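Here's a structure for you.
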């Protein structure tokens, strides 16, 4: 098999992942796009590992590690997203700009501090 | 040409097992549960003690109207039963019946079966979300929560026996099995079986389909054949779980005259375990959500980890 | 000492023990149930005994007995005079109303009503549950024979009287055969 | 083209196609389900590259755990059935994203094509490059230190997730800010706000 096949596939997947991260507003969709990019990297690692006949199997081993880290990342990321959703009732990344300096803000942006104090 | 024939034969065998054993388990459940409740169970269909009840059920399901709710996500809704059922069919491929009687001896057998079973759980999730019904959604949420809790002890327990045998191949595990493992791997066996029951959402772990609370969970909106497929998936899941427990922990085909009767021992052990599944269903009430989570995280996971440590120590000491 | 899991094992033994016992299910259409004596299935009418006294209809708590009749004059026998008697035209019991209390049978002074254990008379139309006197008469065939007297029970007064009469010297009374109690007409 | 290459090409097309659907579909849950297809076909690619173990780990962890988690998250954030209009950024940002992605992809593809044209992966012999035994030996002989570090990282992530999702961990101002209403009460309240 030409080495180019898996490697180009990985590049394409990575590009799609970049597009997803940049173009999506929903936090969970962004997480999914990150997963796509991680998969592209994994595919690359495995392809080169097989291509080079690595005696230490570094590529596949690190693929396993990346998969593990991805699972941890999704777990943590989702915990954060759920927390944000719980407090703001939205998972849209564009709406999370309270730390921005001098934010006139659309009128429907809620003042989080006053809201919770009122509770 | 003979290769093609052999493959076809193996596939046919797996398909036959897949179609017969779940029905057998279902019929056993009908009758055993009935007698445990001082009833007789089905007595009419087929004449002798209602042996054809499930065939009749199948015919009935096939005749029913296939309804998709208006607000449902049609494609996902229709796809969900297949997603729930097919993984169990694929999982059966790797399970050995007797010495040399296996559809495909895989190097990563245990892993393969566990991975494929993990895909099967997407079915209820998809169905529950796509039904556009709040009870279905609740059922799907409960399914997801339950799966995340029980997947870990399930795999840890399987890892213990794989470690003891020094291989992930199911055939290899059975070949390495010795009777004293029954004691040595007992905690892992119990953890595996219980966690597997929870993954299948069988009572007493049937929170996700609890019919007295959320109607029928993710399957509420399903009718006719699609509903039947979900039910079949449940019983196929029982068969796969019991066969897997047999192969991993009860020594598979080991028994008297196992070079000839091996397949019989495997089937017998599987059916005994399936009976235990039914027995547990009749005996215990449904666990509450907090009890469910507590059992997984405070009971099964520590036991599985301890078992893993014990297995490691024994394996290292023996070599 | 409390063994962990003892409760779980107990639950399992209960179900297992139940499984080995005979189940209590009655396979009704194939196997007829063994009804206890004096089962209240349906009410049968012995038309000849009915004098249209209307007691049953009046005592019925939910008024489910309908009786119509007319008077008939019997031509005078030679040397006698004409007599009138009641003739039953209609005797219906609406079993959709009947609550099987059995009061009508208790109050009937002439033993025209009986309990029959037959219970298979369901209908698709509720109106068909009103049985006419012909239908009620047909049930008479299913009325079981009255149970024999309990040997330890109190003897009927008639038997006592007859026995007392038997004890007296035969010459004081004209010889008469005492009727044995249980076979007397009013036993049922 | 051998059979393996044809199958790989097919799987690649499926993977890229479903990946594009993941990032463009307007149905939240469909995105997760298309992700399953992508991950599955990437697993198939691993199998064709004879990395068996990695392939099944991919299925078990990604589809069995990660996607279930994602679906769980989607359901908890009330993914609606049907199209949602607010998944994508404004058009300008999307165009910019597309340009960025396309140029990144073009650069990457161009560079790998110039570097590795004509190179072939040798899959002719029957040796499995990633059998369980080989991978196991590699992980626990050569890479045992990263493995241990990874386990530590996982533990940290576990604790982090627990701390994030529990509300009774800190009684300080931060904990008070999060509120002490239980989850279902909170959701009911959110209902009132949104509708």
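What to note about this one:
Letters A, B, C and D mark the chains in the order given here, with residues in each chain numbered from 1 onward.
Going forward, a residue touches a chain if its C-beta (ideal position, glycine included) is under 8 Å from a C-beta of that chain, and two chains touch if they have at least 3 such contacts.
Only a predicted model underlies this, so the values are computations on that prediction, with no experimental measurement involved.
Ranked by the number of C-beta pairs in contact, the top chain pair here is A-D.
Spacing of chain C relative to chain D, judged by their CA centroids, is 80 angstrom. Taking each chain's centre as the average of its CA atoms, chain B and chain C sit 59 Å apart.
Rounded to a whole number, the gap between the C-alpha centres of chain A and chain D is 8 angstrom. Centres computed as Cα averages put chain A at a distance of 34 Å from chain B. Multi-chain contact residues, meaning those touching two or more other chains, occur in chain D at positions 53, 57, 65, 69, 72, 74, 76.
Chain A has no residue in contact with two or more other chains. Taken together, the touching pairs link the chains end to end in a line with two free ends. By the document's touch criterion, interfaces exist between A-D, B-C, B-D. Chain D meets chain A in the complex at residues 2, 4-5, 8-9, 12, 15-16, 19-20, 22-23, 28, 31-32, 35, 38-39, 42, 45-46, 48-51, 53-54, 57-58, 61-62, 65-66, 69-70, 72-74, 76-77, 84, 86-89, 93-94, 96-98, 100-102, 104-105, 108-109, 112-113, 116-123, 129-130, 134-135, 138-139, 142-143, 146-147, 150, 153-154, 157-158, 160-161, 164-165, 177-179, 183, 186, 190, 193-194. Chain C contributes residues 8, 11-12, 14-16, 18-19, 21, 23-25, 27 to its touches with chain B in the complex.
If you check the complex, the residues on chain A that touch chain D are 1-9, 11-20, 22-26, 28-29, 31-33, 35-36, 39, 42-43, 46-47, 49-51, 53, 56-58, 60-65, 67-76, 78-83, 85-87, 89, 91-92, 94, 116, 119. Only residues 32, 34-40, 43, 279-280, 282-284 of chain B touch chain C when the two sit together in their complex. Across the interface of their complex, chain B is touched by residues 27, 29-30, 33, 36, 52-53, 56-57, 59-60, 63-65, 67-69, 71-72, 74-76, 79, 81-82, 128, 131-133 of chain D.
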